[in-house]
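Read the structure below first, then the notes.
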Amino acid sequence: MTASHEIETRLRETAERLLGEKKVDLFLGHEKASLPLRTTPLFLTVAADAARLAWNPFCSPNLAVYLPRLFRAPADAREAKTAPPRPTVGVVLKGCDARSVVALIQEHQLPRDKLVLVGIACPGMVDARKAERVLGLHEALGAGEDAHGNIRAVVEDGTEVTLRREQVLADVCLECRAPTPSICDIVLGAAVEPREAHVARRQAEELESRPADARWAHFQQMMSKCIRCNACRQACPMCYCKDCLLDQTRPRWVGAGTDFSDVAIYHLARAFHMAGRCTACGACARACPMGLDVRLLVRKLNLEVEDLYGYRPGEAVDATPPLSAFAMDDPQEFLTEP
Amino acid sequence: MTEKRIPQTDLDRLLARLRQRAAVYAPAEDGTGEVVLAALSGKESVTLEYRNFRLSPKALVLPQNQTLLCFKDGQAEEPRLPEGETILFGVRPCDARALLALDQVFLNGNPHDPYYARLRSGATVITLACARPMSSCFCTSVGGGPGDGTGADVLAVALAEDLLLRAETSKGEALLASLADLLSDATPAAVKEAQEQVRAAEDPMTPVKVDGSAERLRQAYDSPLWEAASRKCLGCGTCSFLCPTCHCFDITDEVRGGAGRRVRTWDCCAYPLFTLHASGHNPRPTPKERWRQRIMHKFRYAVENFDRLFCVGCGRCIRHCPASLDLRTVLKEVGA
Amino acid sequence: MSQTQIVPEAAAPRTWEPKVVAFLCNWCSYAGADLAGVSRIQYPPNIRIIRVPCSGRINPVFLLRALQSGADAVLVSGCHPGDCHYISGNLAARRKFTLFRDLLKYVGIEPERVQFTWVSASEGGRFASVVEKVVEQARKLGPNTKLVKRA
């Protein structure tokens, strides 16, 4: 029995108990999807359904994105009169999901006392598209984890193909420095070693070493396929604004089309709004239908925030996000002196 | 219409000849390991080894970003209609059928859309039949098939060494006639092989029950299944943007001073703001109403209005949904 | 209908002059610019001024929008740290500006296209010098082609 399988069994028991004892009204987890190499979010309300819960290398979705809407304040007094009481919600969290929950609690989007957090230290999740690329023209009709933690896929002619885990883990997982949830009420499974810090830096440093025009060309090339679907924003747990600045029409800050100028501003603006808030969960890159490197900009911004202000989003609920604070001795190298 | 054939080794010659008369789009690797329907400049490595493109060919008749007209000092210029002829080579049968759904909306509707009409009439579609559908494909359940020539001007089937070509329209016939020196007649054996290939491709597809979907959906309008099914929807727009029949759009003016242009861009009914009224009221306020509307539009309203399903079974929405929603699951629940 | 900014194709000017958009905080920098005017201190006319209550009000999207609309450079000016009319607006802005400038540099947009300074209400001369410097640097960089949106 693999470690995942053991955790899965305990997860089902935990969820069944929480729902059965009415400790939670709703339990969020993952279940098998209709296509292999993926899971789909599961909203459980009945204890007996806990058997549907899955824990495996395909549990990539960041469930934190579904939480704010469960606790959204009523729009007005009339709605408040008929609104149901706020639920107590149980949710399975990997390291990245937990960071998102911490950041959401910091921003008052989630009430800590209405959450029961089941934390599982995550060894990394499979990027379905990466795996499919490795399989080439073969299609996986089924996939699972073998005893060594690699992925065994069964393709259409019945043959089994083993995909090395490191080959198909999501990019964001390969850089993960906090796989163990920073916040949780119940812990399942053992701790997992974080990746080394320099891995995350490597890509940003490499790009920075190129001259300005080469960097712009790279940015253009990376973003040229963007179709402005907004999937990156919708998938991001930290993008919970009811009315996004980038959708606003009076005034219209950025056009809706695929002119590169609009594409660039959309991504620059959204990345900037993530400064000090992005928890590096990779939901944006996973959601992008065009396979863009959506994290291109936030990867750098997260490092900047860490270097300048010693802050990594999602570590501690009582920490103050850097852009909500200032220090008298903040560097001001950006200034122009006449 | 006789089947013609050309050896696959002559494909580059064929495409080069096509490029003399129109802008040609063909399947080519884009440098990241993915095969896309690329505008050919002659330097691409064209390949027939692909399942389907991520982006559907609808982008070529209904661009994501289209200038409708320009204006200055209170006067609008004549609408700029798109120009040029295109040849789309390698479109899959599902995507070619989808063009007919778009025709229903933009050509047969009122008003008739001149921008779409121009791009559509300027396009010649050469469909390439599928030999290996994916597990997310279900074209046979929605009236199509891996060897269906509906919507194509020419239907091509790739055999082991040859490419078989058959004209489906008079436009296709004229095209093949212009290439007569490159083509020869297909042998009856080759034609039979093509038919068997198509039949073999139809077999593995899991059927999805859509007969009577319009009526069943009408009865299921208030069912609790919509709430349960839609809870995981992120409203990300991936399904609509990749879907070959989705066609909703937004029109905005981009102005500076006294001059500007009117632009059409793709929109998506899954977006929370899609039906937001100026008053602040939103008739589809939660994912439940929006997901229900998506299914209703494709499997009920389109049938009631146009006697046609607005889903061609390409499976892109299933394969690319970040939350792995699968509309086949919903259809099954409705059918139960 | 909604609006966004684009630059229509116009006849190319004979000699190009940089366009600089300046966001000045009402209490210090705008007053400083005013003082420069009253004192008849000359500074380049390339600058277009937008008055905001505080440098802390600046959303970097404004700066991006200015560049998209055809500005060749953008200047943001506020009160000196410690002198903000709203106590800490400019202090909050410092972190934003640092990160924003680093972000633009990272994608290859020249840092001289987005500049920041502190100018007090009594520093008319300093304002003029800053404008001169920013305009000169913009002139050397040439027209902004990277973010601008053309018709």
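Going by the order they are written in, the chains are A, B and C; count residues from 1 in each one.
Following the convention adopted for this analysis, contacts are C-beta pairs under 8 Å (C-beta built on N, C-alpha and C of every residue); 3 or more make two chains touch, one makes a residue touch a chain.
Worth saying up front: this structure is predicted, and the values here are computed from it rather than measured.
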Which chain is most remote from chain C in terms of Cα centres? B
Which chain is the middle one, judged by CA centres? A
Cα-centroid distance, chain A relative to chain B, in whole angstrom: 31
If you average the CA atoms of chain A and of chain C, how many Å lie between those two points? 36
Using CA atom averages as chain centres, what separation in Å is found between chain B and chain C? 46
For chain C, residue numbers touching 2 or more other chains are 2-4, 6
Can you tell me which residues of chain B touch two or more of the remaining chains? 252, 254
Contacts with two or more other chains, residues of chain A listed in rising order: 249, 252, 255, 259
Would you pull the chain A residues touching chain C in the complex into a rising list? 204, 207-208, 212-219, 245, 249-255, 259, 261-262, 264-265, 268-269, 271-272, 275, 297, 300-301, 304-305, 308-309, 322-323, 326, 328, 330-338
For the chain B and chain A complex, residues of the former touching the latter: 32-34, 49-51, 54-55, 64-65, 132, 134-136, 204, 228, 231-232, 234-238, 240-242, 250, 252, 254, 263, 265-266, 268, 271-273, 318-320, 322-326, 328-329
So in the complex, which bits of chain A are touching chain B? 33-35, 38-41, 43, 61, 65-66, 133, 137, 139, 141, 156, 227-231, 234-235, 242-243, 247, 249, 252, 255-259, 283, 286-287, 289-291
Spell out the part of chain C that touches chain A in their complex, as residue ranges. 2-4, 6, 59-61, 64-65, 68, 75, 81, 88, 91-92, 94-111, 115-118, 126, 129-130, 132-134, 146-149
